[in-house]
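One structure coming up, written as structure tokens, with questions to follow.
Naming follows writing order (A, B, C, D and E), and every chain is counted from residue 1.
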Amino acid sequence: PLKIGLVAPFSGPFADYGKQMDAGIKAYMHQHGDTVAGRKVEVIVRDTTGPSPEIAKRLAQELVVRDQVDFLAGFGLTPEALAVADIATQAKKPMIVMNAASSVVTTKSPYIARFSMALPQVVAPLASWAAKNGIRRVFTLVSDYAPGIDSEAAFKKALTEAGGEVVDSIRVPLRSPEFAPFIQRIKDSQPQAVFVFVPAGEQGIAFMKGFQERGLGAAGIKVIATGDITDDHVLDVMGDVASGMITSFHYSAAHDSPENKAFLQAYEEVAGGGGRANFMAVAAYDGMNAIYQVASKLNGKIDGDKAMEILKGMKFTSPRGPIAIDPDTRDIVQTVYIRRVENIGGHYFNVEFDHVPDVRDPGK
Amino acid sequence: MAASVLGVLFDGVAYGSLLFLISVGLSVTMGLMNFVNLAHGAFAMAGGYLCVALMQRAGMPFLATLPLVFLAIALVGAALERTLYRRLYDASHLDQVLFSIGLTFMAVAAATYVWGPNQQPVRLPGFLRGQIHPGGVDLGAYRLFLIGLVAATTLALHLLMAKTRFGARVRASVDNRAAAAGLGIPVDRIFVLTFALGTGLAGVGGAVGIDVLGLDPTFPIKYMVYFLLVVAIGGAGSIKGPALAALLLGVFDVAGKYYVPEAGAFIIYGLMLTLLAFFPRGLYGRKA
Amino acid sequence: MSELLRLDNVTAGYGDGIVLDDVSFSLKEGDSLALLGRNGVGKTTLLVTLMGFTRLHKGRLAWRGRDLGGMPTFRRAHAGLGWVPQERLMFPSLSVEEHLTSVARPGRWTLKTVYRVFPRLRERRANLGNQLSGGEQQMLAIGRALMVNPSLLLLDEPMEGLAPIIVQELVSVIRDLTTGTGMAVIVVEQHARLALALTRQAIILDRGRIVHRSDSASLAHDDRLLQRLVAVA
Amino acid sequence: MLRPFPTPAAVSPEEDVIRPAGPCERIARLPADRWTLRETAFWLMPVLGYFAFPGYLMLGSQILIAGLFALSLDLIMGYAGIVSLGHAAFFGTGAYAAGLLASHGWHEPLSGLLAGAAAAALVALPVSLLVVRGQDLGRLIVTLGIGMLFFEAANKAAAITGGVDGLSGMEIAPLFGLFDFDLFGRTAYLYSLGVLFLLFLLCRRLVHSPFGLSLRGIKENSKRMASLGAPVERRLVSVFVIAAALAGAAGALLAQTTRFVGLDSLSFQRSAELLIMLVLGGTGRLYGALIGAALFLLAQDILAGLDPVYWQFWLGLMLVAVVLYARGGVLGGAALLAGRIRGKRR
Amino acid sequence: MTTALRTEGLSKSWGGFVANSQISLSLPKGARHALIGPNGAGKSTFINLLTGVLAPSSGEVFLMGERVTHLAPHERVKRGMARTFQINTLFPGLTVLESVVLAICERSGAARIWHRTVAGRRAEIDEAWDLLARLHLDRDADRPTRSLPYGRQRLVEIALALAARPKLLLLDEPAAGIPTGESSEIFDVIAGLPDDVTILFIEHDMDLVFRFARRITVLVGGKPLTEGTPDEIAADPRVREVYLGELPHV
């Protein structure tokens, strides 16, 4: 059989990363059958138990030496991806990244190809869009960890290039539920908008609750952010506190295309009730698509270097829209959409109203 | 900036109140009963989920759920005390740690199984959302509510434990179970009641906490540090201690974040270390 | 006088170990017994066995005819056993007064009467259990047991650490108790003569067995026996 | 200690399990470290494991490393009675020290290992002064807070440590210039085993020494120790620093064998899991640390393999069961059983 | 003849309560001095001030002429001060032998050694066995202290103090809980210590006090009431009134 090792967190704080990816993969196989090039596809699931690089590395190593997988896939968190990079290189196994979003990831091994996104990739368009639409004085608030800091930098750069200015920046501690004082500061400095980057889930919710409670929206301050704060998966939980939020991202469940309809259809059938599909499910879905293409091109005989040759420059239409793999960086090139949170029939969606095509990771 | 100073102070007190509410249950089970109950967060989480369920399924108003949550979780606690906890009172603290961590893991997995790994929504009633503005100061309605709740619970608990015969018997039983029993104090009954009280409070804490802390299966582990902080800094064996500790932590954390955001999380840990350097047994620690 | 307590061939110990070996005796209401023996012969073990802290391997404990065996400790206290532990076992987080009130049961012993016997305790009533001098702890241990208003008082070396003048006070109190109020006592004492002066009967233990029993008065005069079994100078 | 409640210890002294009784009557039961068959057998297992399970060497070396880490906690907790929820601070310090060396051109592993241990010991010194003052709960929280501080610091110093993205891209030269760190983790395994064994011997000797005895004395009753003339705080400081050095070595090992250091090496979770491992195995016995680590990681790996999503439930169940049926961890339970049996024989 | 112990105006109070006030006491080398007084008079507190377990509210402590008022307890032990506790303060989990060996190692400085095993410390072990033999504890040597009967635990208290080979020995009711016969044996052991060892002991058993003390200080309400020879004290009406009462057995 064609073996794929799926390494991702299935328990602990990032448990739903694993769930999403697994469901995305199942959805693809549900649609396109579980054999390719005559080989039965077998997905071996491994739990990294949350941010735990050494376990991720161990699991990957065991998948390679014990189970002799043909592909390594998954990788919810950057450190886990980085830790595994060595293994991919040593074992010459293609490594399909389905989430880990720091720019550096793809540089750590020639066998890595990323089908999710790179943070700066979605941040920069937001800044230029803001400047273009008369939002010039922006306050940034990001979680105090690498992704937060990267996006802060990317946003500042793009905004100032576009003629706007960042009036003030705050970095908030990671595990801190209390946003009131920060929000008060924002209120005091009266910017036109505040750019937010915090982990999806209770942090995002807490921020928006505080934002509404203190009536910053009423005071005419906009919230702009990258899409992971209004992740389709948590959007309904945030409810009306999020409505009107403007975000930039590469995928929305509300994206209007036949591919997306088909994907959501399949997702519903394999993971019904498990909540809405989000960008990780899509990345996994596309990753599988790529694996199938490689497998059939090599008609079943997977060789690391050949596989990478095929992956480089691969192009197809994903549920999120057209995507491609940059031959030099093995990183994804895709359209980034500007969306607004709206209530459609009792549910909240990110409705796309503007887009920037063929965005590369400006970080490289 | 007088207004903002007051505002910050208020927010700090409110945040402290929240910290206390989610920890008060533990200051009963661990502080008073001297059982290192790391599963406290699990009871809080249970309270949270129950609250959400009652609001969504049964469509109950938020406030009405709280007493029910208290009773239900207290019952759960009592049941667990009778079946499991009871056997570990004379076990070492480390065994208790291992046991209660085990329970926590089970609770986390169970919650994931039942409710899935993602956040739960709560809709507060209108009058608890938004702010009111007496004399130019912005006061969050929900925060006022928290402060009131804390004042009430602290006072009630303190009187119960320090002034009533029941309180004295609880302390006696904890100090020395054999001696207490030998003098006719029904230790088992006292313990099951106290434990139920502690877990019930934990449940309520979880319920009122959701709005700010959110609610997902990792709750018990995510906030374990906060519970421990409050109880340890406050000092085992008292209610005033943890209350004071929580307020201090809250005020300093908020003030720090407002005036020196760069300092980030260092403020709170720094404060805690200094406090413990001066009060190794906690603010109101019981003598060893 | 009806029978209060009866032990038939009691064999008991800690865990699997055996300390008390085939001990039998009985006690009438208002009677008084001196329990003597060197260190480690099992005097304390006998008392804590009555309170239900050891494992009863063989034999039967009867209290006013009813079997004590399976009864939980606190019920034994309710039934009328008053325990003064050898280590005193104070409650560090209770004040002196709380020590007394938290265990109080109706009867002739009340705060007032206890304070009358031990005025020192009234002076220190706000102190916590671990803020007392050794002797004060001893007084409190005794006062605490009296507050339970027991019909059998178990005194495990009650005179230890008490000033002579208090000892004399206590001696007369115990005398009154037995003669006056019909409360029975079992006294474990290292000062054998003192214990014998206080009681009607006496038992001497050695390695967990009863090696001698007689009335206190006659034993008090048998110096050689005392010397041999209790090491009295 | 309250006599009316017989404690297991009172019924069956732990001594039997850890220490062989000497032949000479007068030193019977005094701490001596003569090797027993049991111990030799124990140490044969990892050696056999190397040949028996070539596919599991990576897991194997991670167990050995966790074992070393747990060993260091046992020194301060099992022997000196300092409960710590922040021991990861030193593990992480060691890991980053070794990692930074390796990623900045110093590739020789053994010196890297030493550097890791030294770094940990160095930072442990000031920390210990703060820790030894407190009581149980206080110490628990002080250590916890210190751990958090280290975590935050490493997170803020992203420029050096790589923050949450972690520290990668380190090279490790072949061990003794001969054995490359291979994909199958053979070198890693033997390297870890060697280091663990040597350091274990050190601990074993230390706990059986007068110094070790004085630590137990402090744990049992520090007030009395002071009135015997023991400089209690200084003793605690020294053992704390030694333990930190061991933790640092463990961290360095992990960094070198996985060629990656993540923030998680400083996280509360790591400290907490460590505590679980040690208590699971049984404290104050050295071997408890090793057994606990092995048990925990094996259970985790197996369960997570069987049920990637809900395995935590089963792990939790296991912990609860262990506490209910084997007080004092696995070895505690064993000791109890042994005592029972001996009791019956009498 | 030099003074071994001297205190100047030593006082201790808790809040409003004064446990020791202005105690000035001076013991010559080799003294056999008893400290008696009603319960709660402040005797144990005084010992705790001498040993540094408690910090005095005011006053000074001199050991062999050296001012030790602000030294940590273990520093004072190093200078030759050892004590027993009124309420057992032992190592429940250690065996009797281990406890005593430990105490001896602390004195001999061997306790710092980490690279040799305890079993290898011949000298300390032999000394420990001798000490145990003298106190009839040798048959309990290998039992965990916890499982010893109370009276024998009292003996371990004394053994630990003697292990320090003190110049000044402070005993807080050493004989409590030990049968009268054996307790006088113990006092023989103590009295048998070299003559240059100074001994201050608290005891409520008057037979022992009058037999072994050369001088006696009576403490009442935290203040010294009087000091004198056993006969003087026994005769003193004030002492009879507040402390001795009508002793039945003297």
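Here is the rule we go by: a residue touches a chain if its C-beta (ideal position, glycine included) is under 8 Å from a C-beta of that chain, and two chains touch if they have at least 3 such contacts.
According to UniProt, the chain labels map to these proteins: B, D = Branched-chain amino acid ABC transporter permease; C = ABC transporter ATP-binding protein; E = Branched-chain amino acid ABC transporter ATP-binding protein.
As the structure is a computational prediction, the values presented were derived from the model and not from experiment.
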Partner chains shared by subunit A and subunit D (touch criterion as defined above): B
Each chain counted as touching subunit A and subunit B at once: D
Between subunit E and subunit A, distance of the C-alpha-averaged centres to the nearest whole Å: 73
For subunit D paired with subunit E, centre-to-centre distance based on mean C-alpha positions, whole Å: 41
Computed distance of Cα centres, subunit E from subunit C, in Å: 29
Inter-chain centre distance, subunit B versus subunit E - centres from mean C-alpha coordinates, in Å: 47
Junction residues of subunit B - those touching two or more other chains: 109, 112, 176, 178-179, 182, 225, 264-265
Where subunit A touches two or more other chains, by residue: 11, 15, 19, 144, 173-174
Per-residue multi-chain contacts in subunit C, two or more chains: 14, 44, 51, 53, 85, 87, 89
Touching residues on subunit D, where the partner in the complex is subunit B: 2, 4-5, 7, 77, 83, 85, 130, 133-138, 140-142, 144-146, 148-149, 152, 156, 268-269, 272, 275-276, 279-280, 283, 309-313, 315-320, 322-324, 327-329
Complex interface listing, subunit C residues touching subunit E: 14, 38-40, 44, 86-87, 120, 124, 131-139, 157, 160-168, 190-194, 197, 227, 230-233
Partner subunit D, residues of subunit E touching it in the complex: 51, 53, 72-74, 77-78, 82-83, 85, 89-95, 97-99, 101-103, 105-107, 110-121, 124-126, 129, 142, 144, 146-147, 150, 160, 163-164
Subunit D partner contacts - residues on subunit A that touch it in the complex: 10-11, 15, 18-19, 45-47, 49-54, 57-58, 61-62, 64-66, 78-79, 82-83, 85-87, 90-91, 102, 104, 108, 144-147, 149, 173-174
List of subunit D residues in touch with subunit E within their complex: 1, 3, 7, 9-10, 13-15, 22, 26-33, 205-206, 208-214, 216-217, 220-221, 223-232
